[in-house]
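Chain naming follows the written order as A, B, C, D and E, and within any one chain the residues start at number 1.
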Amino acid sequence: PQAQMKDDGAADEASQDYLTQGKGEHLVCGVTGKLIKIAPAIVADKLGYFEEEGCDVEFQQIALNDAMTALTSNQLDMDLFGVVPACTYVSQGAKAYIFGGTILNGSEICALDSFDRELKAAEDFKGLRIGVNRPETGQMVFKEWLQEEGLDIDGGDVTFTYFDNDQGGFEAVKKGEFDLYIANNAQGFVQRGNGIKVVATVKQYAGDYPCCRQNCSDQALHEKYLSLVDFETALLRGYKTYKQEPDTVIPLLVDYSGQEEGYVRAAMYGTDDYDNVMDPSPDPNRNAVLKFYDTLKNIGEIDKATVYSMDDYVVTSIYRTALDTLLEREPDEQLWKDLDQAYAKNNE
Amino acid sequence: MRRLFGKEFAFAHVLLASLVLVVTCMPNQRMVTVSYYPLLAGLAVIEVLYLLRLAALRRRGAFSTGPTDIVVLVWALFIAWDVCATKLDIAPTVIVPAPEAVFNVFFAQADVIGADIVSSVTLLVMGYVGGLALGVVLGIVCGWIPRLRAMFFPIANVLAPIPPTVFAPYLIVLLPTFRTASCFIILLGVFWPQFLNMVVRTSSLDAQLLDNARTLGVRTFTMITRIILPYVLPEVLKGLRVSLTTAFLMLTFAEMLGASSGIGYFISNANNYANYTNVVAGIIVCGVVVTVLSFATAWVQRRFTTWR
Amino acid sequence: MDAGAPASAFGVRKRKRGGRVGKIDIEDVSFAYEDVAAGSRPSAAGAADDRALRDVALEVPDGQFLCVIGHSGSGKTTLLRLVAGLSRPSAGTVRIDGAPVEGPGLDRAVVFQNYALFPWMSALRNVEFGVEQANKELRRGLTKAQVSAVARDYLDRVGMGAAAGRYPYQLSGGMRQRVAIARALAMDADILLFDEPFGALDVKTRCSLQKLVDALWRSGERRKTVVFVTHDINEAILLADRVVFMRRGEVVADRAVDVPRPRSSAIFAHDACARALKDELTDLFYLDGEGDEEGGAFGEAGAGVPGALPGKAVLP
Amino acid sequence: MDAGAPASAFGVRKRKRGGRVGKIDIEDVSFAYEDVAAGSRPSAAGAADDRALRDVALEVPDGQFLCVIGHSGSGKTTLLRLVAGLSRPSAGTVRIDGAPVEGPGLDRAVVFQNYALFPWMSALRNVEFGVEQANKELRRGLTKAQVSAVARDYLDRVGMGAAAGRYPYQLSGGMRQRVAIARALAMDADILLFDEPFGALDVKTRCSLQKLVDALWRSGERRKTVVFVTHDINEAILLADRVVFMRRGEVVADRAVDVPRPRSSAIFAHDACARALKDELTDLFYLDGEGDEEGGAFGEAGAGVPGALPGKAVLP
Amino acid sequence: MRRLFGKEFAFAHVLLASLVLVVTCMPNQRMVTVSYYPLLAGLAVIEVLYLLRLAALRRRGAFSTGPTDIVVLVWALFIAWDVCATKLDIAPTVIVPAPEAVFNVFFAQADVIGADIVSSVTLLVMGYVGGLALGVVLGIVCGWIPRLRAMFFPIANVLAPIPPTVFAPYLIVLLPTFRTASCFIILLGVFWPQFLNMVVRTSSLDAQLLDNARTLGVRTFTMITRIILPYVLPEVLKGLRVSLTTAFLMLTFAEMLGASSGIGYFISNANNYANYTNVVAGIIVCGVVVTVLSFATAWVQRRFTTWR
């Protein structure tokens, strides 16, 4: 709640009322494609957790870029994708709130099987041609890291080329157009046997960085607050199932996505010879988000002089309340205790 | 008549036989986990369609090498595909999936694909018909009234080539549902060319026809409904096919926003996972749907062209 | 629009005071096409006098059958368009029953050489459409059934009753012109204007349609005023009460045709007046070398090919 | 393709043994259009005898000027197309100098009523193209400059030298036909085929082109065989050595025109033979009611409108 | 002539004056960090173009309400835009950027945008010209030779509506560079409609024209180069505008693969960061480029149509 108070507090003490209102409201939640990054939500939906928590949620398909438009015009209450749109919208004075996490990390750096250069420090990337999947947050974090390490990322030391179609990027690597290609989690798995391997992850250089978040609209926050808490509670239960019962979860995800079991297992849990870099943690991870906001400023994608601070738009109280509820319900559950500890580290 | 079942016909069937042999008997190099029966069923469907076509041609007494040539090409492609992908595994693994796997998709995901087709076709037809109707009506009105033409024709020329997809956010804000927004993207894609075309047609109306109408004391409303509309109708009907193509192009992008099913959605979703088995299956479904819709438009065209 | 046209109920014609219905006065009318070239220098047009009509004055009394003949490009069509109200004179006035022509009106029916019919309407619908328009605009108050009956009646009169349901593309050229004539008559306009209606037809068809027009015109309850443009001297003499010959936008001859009706091609053999008129007109046609775009016969080796194109050809 | 045509160097004509160059034999030729309706029942066509030509036999000696006249739809164009090799007979054979016609050939030059020229080539290029083709296919071995010179020469002869650079759309109908005639002559084919070349022109232009064709034909170093289809009886008598009249796909009259050349329209007044022939043909034309698609004159109220359309109209 | 500077002309300038007043004097509700001079400069450019157009019309002695009507509409839109966005801040913040900010982009990023335009136009023209040329040549050949037509026309009808973008990975594998792959996407977009159109035109060649050529003993090669090609040329020229639109539509997608500059790249990159200021600036650049290219095509069309 402390974050929230800072938010509107000074201006309007009376508006704190919303924190105790809006139970049982209908929520419209935007999702993009059949991506299984939102595994906890899928699990909560399929196993009926949302209903059990009294949360009436409807999933609505929408393109990543358009979700935030819909959200800021109150056509969506929330979505589960994209930290970039949230930051860029906020930086331009729109109202959108991050209230939970979907994915932490998630970008892997791929190269040909024959690629044998050691990639330990930024220096090692000098002279490389790197293709990137444009919406990938990892590529932005990575670029900032290189920049901070003193490399010229505008062609001097490394060149970046953008792709909206991953396969195109990989084919380019195979043809020798690129040395590296930064893609999303599990692409490396798909490309095995196609002459491509994962040679590094962005996380190993730049540390934890946020990827997809749970975002909500101004209206949802102020009129459907308790419904959002219920949503988060169910989602946390979904996360627990995901963590603890892979054999229940994998068939659910296979069914949802229409992908093969091997792929789903690798993407969500990793295999013997493939590490999945993505972590579907629901923690809002306020600190990482604020850092990422600065990243976007540093690489020039949002106005460096913006008067809007992301500080005001990361709401941690919903997650906190939901986690408290679960700690109360299952005081002995180690997962909740772990999340509680992580919360302290990530958000304060 | 005899040539209908001549050398070419035999050659097509020799090819088919080799194809079946390759599929069933040649050992796989690539790991394929699915059975080859769906593929064989697919080949059977193609063969049956081919024979039906030949029979239809024969009934009409028309001779054409077309179907046989096409089928020869198709079998040859299938042989090359199966040999390179499944049998010898010399094709790029991800982007050239095994034909067995592709055809298996049609069976394994028949219900999903069915729903996708229904969803896409509904969306497509709504956007297509809406775009056509708006394009024709507004085009005629703007073409006929010189002041409107002088104003909107240059504006339309600037707006038309801008990809409707960049307007997606605005459409979402302005329109009540995502489905209408998707629909509108298709509509815009069809609308602009139709509108421009109609303005040009209407403003270059045959002078003699115009004189004829003027001597009958025809006023604007009658002019538009009774003279210009029927006059441009054959043109509109002739353009149906091309507009359908444009509508289909837009479909893929339209289904990126707010669709939860549809062929375009199916393909872009598969693309996300680099699941080219599904992508290729989706493209084939595209082709089939387009062909069916093409036949439908051709029928409409024939049905409503009463004069030339 | 047609201030001068009496709004008459169908079939029962109320004569205007003074009894002039369908009188055409062409008062010193000139007309110049706004050519592409003229656009840059509007005043130059007048200087070279490339006007399509030059001070034409012509009075056509009510009920007269006037034929206009002349070379290609002599301004026949232009004159007819002015009377029809499809173009407006550059100078002078065209009056119908004393009122200046402001635009096309349902008091005048036109039969064109081509495009006389709307190709998407059946023969019957074409005629009906004309009747409907006249009915609507002139407030004749006919019901739909009456409109249809009138249309059918006139199709029958031109011998096209059996082909009423056909579309123009299913009709031969002659049949199409029959339908066009039926429409013009069914609209019951005061004045009929024909612009080479049979120009594209073969001799035989032409002949039978000439007879048809003649018979229909004579059998009308009241003879209508007709302006009939043609290339064919025989046709003119067979049909007309009066023939005018045009050259380079001017009327150069104006002759009455004093031949008793009904007429047939036999008149050229037996009627001295018809013969004389034919000879005179033929002379005008053939001996009139100047103004002809088809100069340069064999042997004159390149000479005589005129520099000037017909105006139509240089339009964009 | 043209086994029977002697490959002759331009200008210097090598006569074939036997001296027959340009003799046309039409041996019991029949022709039926494959109609849409006929497609379903191929045998029915013969039964109703809707053949466009029925066992036509005609021999045209070398150097003869033959005119073919007849009603619309009587099969004149069809006959010409068979001689040109554009269609193949359903039965019988067409021979040129004894060799059966297999397809179009450069031994025959055709002048059509419309589309006689390629609209994207200038007048000169049109003629050059014809000469070039003849030169290439018949291996006459002319240089580019010679081709051009020949083309210019013939354009001059038809009086179009000054307009050589113009495109067809910049020419009047008569000028276009002059160019087409120039091309046909410049190609130096043995046989000239004309299908109503002046059908769309006005009387005056027509007349001057008739004179031109006559003069060119007579002035040739060797008179070419000509088959000339027309509607116009005067034209036929003015031009032809021999006139045949067709009706419903058959030749029903075959007359020599024994009128001394040069001829002018005066012959109809002064030459008894010309007059008699004209009367006879006019009778054939006008008294020949059957076979005419333009039935049903005024008064016959709906009767006489034929059920059958002209074949062209029902094609897709 | 007088009407050229009549009521409408005055009204347009009253609107312009109010617009300038609104921009310069009305207090901003929305935080706008950039100056309004670039916007004023932009307005000045529009006004100058408008006056030049009027002068040209006047010289030609032609009267048209078009330019004035358009400019009135433009000023009205600008007033509405500036008032709703910058002044009252009642429009959606992100997707309706301030006009001041948008016009500032043209100045602040002039060099980037300039490079983008050059890159896009090169790509566009290569794909466009290539697609047209291939479409015309192959279309004529396939249309003229009945066997090829019977074979490829149905195949082309199935392939044409499949969005070229799904072939992206295959194009990258098959073609040497990204740029050629991008180029090929545009090429495909232009090629198919052109090809289909040419096949139809060629196979429905005027029968009389054909007869005329046949009697001249014309063989296949001469037929294609000397008869059919010039015959269809006006048709091709007439279609240039529409093809340009298609090419432009494809550009955005073409530049999604492996481009590092270009207008489409500029827009999709801005889109990715929800930078609608840049998106709108990009769209305006699109419009300007399209208009210029349109004029170029119109010129080509006029220049090469020597007969109708």
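Quick note on the criterion: a residue touches a chain if its C-beta (ideal position, glycine included) is under 8 Å from a C-beta of that chain, and two chains touch if they have at least 3 such contacts.
Protein names from UniProt, one per chain: B, E = ABC transporter permease subunit; C, D = ATP-binding cassette domain-containing protein.
These figures come from a predicted structure and were not determined experimentally.
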Next on the checklist: Hopping along touching chains only, can you work out the least number of steps from chain A to chain D?
Outcome noted: 2
Next on the checklist: For the interfaces A-E and D-E, which has the higher count of C-beta pairs in contact?
Outcome noted: A-E
Checklist entry - Relative to chain C, which chain has the most distant C-alpha mean position? => result A
Checklist outcome for this item: Averaging C-alpha coordinates per chain, one finds the centres of chain C and chain D separated by a number of Å equal to 33
Checklist entry - Just how far, in Å, is the C-alpha centre of chain E from the one of chain C? => result 48
Item to check | chain B-chain C separation of Cα centroids, rounded to whole Å | outcome: 51
Item to check | Between chain E and chain B, distance of the C-alpha-averaged centres to the nearest whole Å | outcome: 24
Next on the checklist: Which positions in chain B are in touch with at least two other chains?
Outcome noted: 92, 95, 169, 173, 271, 276
Checklist entry - Which chain D residues reach two or more other chains? => result 169
Checklist outcome for this item: Listed in rising order, chain A residues that touch 2 or more other chains are 65, 69, 73, 165, 167, 171, 174
Checklist entry - Of all residues in chain A, which touch chain E in the complex? => result 65, 68-69, 72-73, 84-85, 88-89, 92-94, 131, 134-135, 159-165, 167-169, 171-172, 174-175, 177, 296, 301-303, 305, 307
Item to check | Footprint of chain D on chain E - complex, ascending | outcome: 206, 208-209, 211-212, 214-218, 222, 226-227, 230-231, 233, 306-308
Checklist entry - Can you name the residues of chain A that touch chain B in the complex? => result 33-35, 60-63, 65-66, 69-70, 73, 75, 165-167, 170-171, 174, 186-187, 190-191, 193-194, 257-259, 263
Checklist entry - Given the complex with chain B, which residues does chain C contribute to the contact? => result 1, 81, 84-86, 103-106, 108-110, 112, 114-116, 118-121, 129-130, 133-134, 137, 167-169, 187
Checklist entry - Taking the complex as given, what residues does chain E use to touch chain A? => result 30-31, 33, 92-95, 97, 165, 168-169, 172-173, 177-178, 181, 256-260, 265, 268-269, 271-277
